[in-house]
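Below you'll find a set of structures to go through.
What follows is chain A paired twice: with chain B in the first complex and chain C in the second.
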Partner chain A sequence: MQVKNASILNLVAGNGNILRNQSGVVMKITILLLESPYNHQSADSAYHFIQAAIRKGHEITGVFLYNDGVINATALMDPPQDDRHIASRWSELGARGIDIVACIAAGKRRGIIDSVLVPNVRISGLGQLASMIRKSDRLVTFGD
Partner chain B sequence: MLHTVNKSPFDTHDLHNCARFVDAGDVLLLLEDGVYAAQAGTVQSHLVADMISRCAVYALQADLAARGISDLIPGVALADYDKFVDLVEQHKVQAWL
Partner chain C sequence: MANDAFKLMITVRKAPHGSIYVQEAIEVMFIMASFDMDLSIVFLDDGVYALKQGQNTKELGIKGFSASLAALADWDVKNVYVDGDSLTQRNITPEQLVSVGEDEETGQPLHPRVLTTDELRVLMHQQDSILSS
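Let's turn to the complex of A and B:
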């Protein structure tokens, strides 16, 4: 946990608004996502939690997609236009510098390999989860 | 410790298990189908009603609204995602999955 001078806590949110973390505490948070999109709420809950955490000036150390969670990263999904595109959400968070990692062992079992990934998501091993957790103040798990 | 429960007490025993381990000063956050436990007047209402005497209980507002739950057990506080983040800032998290 880092306690920073308020003057350097001005952070740029995704919408361009400058926000300040009011408590003055920047938490490093790892997100573990265990379930697939659309048939569980966990991918939505995790996304909304991350949005709020970023807005409040916290740092997402990484998002680790494990078990059916790896299905969140497939570029093959093509939901109706009036529905949320969950893989794009993760890709956009990745583009903002958040490390989004899909587990290689879980991915290989489910056909989630490099050639079907959305941009800004990478495949790696469970060791990456351990590394993220070691660098974080908090682990928040979303699953079912 | 922040305990998160995302299952209905009508479906699983996660909240029952959580209730056995909650200490004074802990916080319970009900989200997703977990918010059904916050509804007043059900056969499972005693679970949360008993826990409120020992720990703070929050229910995620968006998930309550999505399920049309408005009649809450007295003492259950509403949380939005910003509050969820605040609770994570204050406590380590135990997800009862």
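Let's turn to the complex of A and C:
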């Protein structure tokens, strides 16, 4: 598989060791998430994909939330305590240095604005998606 | 456009109006067109319904996107394709499709170019990235 840019990992495993993909190929990956949390599996799948990719030593260039995907970023969600808290997942990934961006146009339609965001997630334009894609070897879309 | 420009394809695969996917995919097209990219748009599967002439969303109370589609060429989005098999399966002829603007020089309406699935496959392989919605 061809990799256009040799990349430097910006993520490390929990034990502090930088992981390498078994094949030695490190990919820069942009994640595009199009569905809201809970209603669809997409947000869970994207999250688990990211965890697995990081474990394999790949680099997540960024996560872009579009369509109903922007709802993943709201701090107003309050799921039952025995269920996963999807917005917190994104916030935690953001705290680990992954750029998590909710689309401003899609967000405004759905009430996702700066004042309701979980920490470590930001709002910006589709230009950010363009920039992430250009910097990545792969774009992986999670939608319905 | 330079030959080494980043090649991005945006695919539209879902039927219009019943969900917002097509509307927001068109918004992505306009943004991506403002970057220096070699942009291709492909309508396939139920997405081909978005191109059918004579749609009116007034009764639905939805703004609709027909005006946006007709302005694609004005924004330099000229590589607009439609999957011929998807049309055939849905009994739609190329003549029933809207134009996506006018040719700058001739003033003639620009229609989406009908591709075979094989041609589409080749086009997809040439892309640096494919944005699916």
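Assume the second predicted complex is superposed on the first by the 126 of 144 C-alpha atoms of A that agree within 3 Å, B and C clash if a C-alpha of one lies under 4 Å from a C-alpha of the other, contacts with A are read in each partner's own complex, and residues count from 1 in each chain.
As a convention for this text, a contact is a pair of C-beta atoms (placed from the backbone, for glycine too) under 8 Å apart; a residue touches a chain by one contact, two chains touch by 3 or more.
These numbers were taken from a predicted model, which means no experiment stands behind them.
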Open item on the list: For A:H48, using the defined touch cut-off, is the partner it touches chain B, chain C, both, or neither? Pick first, second, both or neither.
Closed with: first
Task: First (chain B), second (chain C), both or neither touched by A:R122 - done: neither
TODO: Report for A:G143: first if it touches chain B alone, second if chain C alone, otherwise both or neither.
DONE: both
- [ ] Go through the superposed model and pick first if A:H58 touches only chain B, second if only chain C, both, or neither.
- [x] first
Open item on the list: According to the stated criteria, A:M27 is in contact with first (chain B), second (chain C), both, or neither; which is it?
Closed with: first
Open item on the list: Looking at A:R134 after the superposition, I want to know if it touches chain B, chain C, both of them or none. Which is it: first, second, both, neither?
Closed with: second
TODO: May I ask you to name which of chain B and chain C touches more residues of chain A?
DONE: B
- [ ] With the two complexes superposed on chain A, say which partner A:H85 touches: chain B (first), chain C (second), both, or neither.
- [x] neither
Task: Those residues of chain A which chain B touches in one complex and chain C touches in the other - done: 34, 138-139, 141, 143
- [ ] Please give the residue numbers of chain B that touch chain A in the complex, ascending.
- [x] 4, 6-7, 31-33, 62-63, 80-82, 84-86, 88-89, 92-93, 95, 97
Open item on the list: Which stretch or stretches of chain A touch chain B in the complex?
Closed with: 23, 25, 27, 29, 34, 41-42, 45, 48-49, 51-53, 55-56, 58, 138-144
- [ ] Over in the complex, which chain C residues touch chain A? Could you list them?
- [x] 6, 8, 20-21, 24, 27-28, 31-32, 34-35, 37, 129-133
Task: chain C contact footprint on chain A (complex, rising order) - done: 32, 34, 66-67, 105-106, 125-127, 129-130, 133-134, 136, 138-139, 141, 143
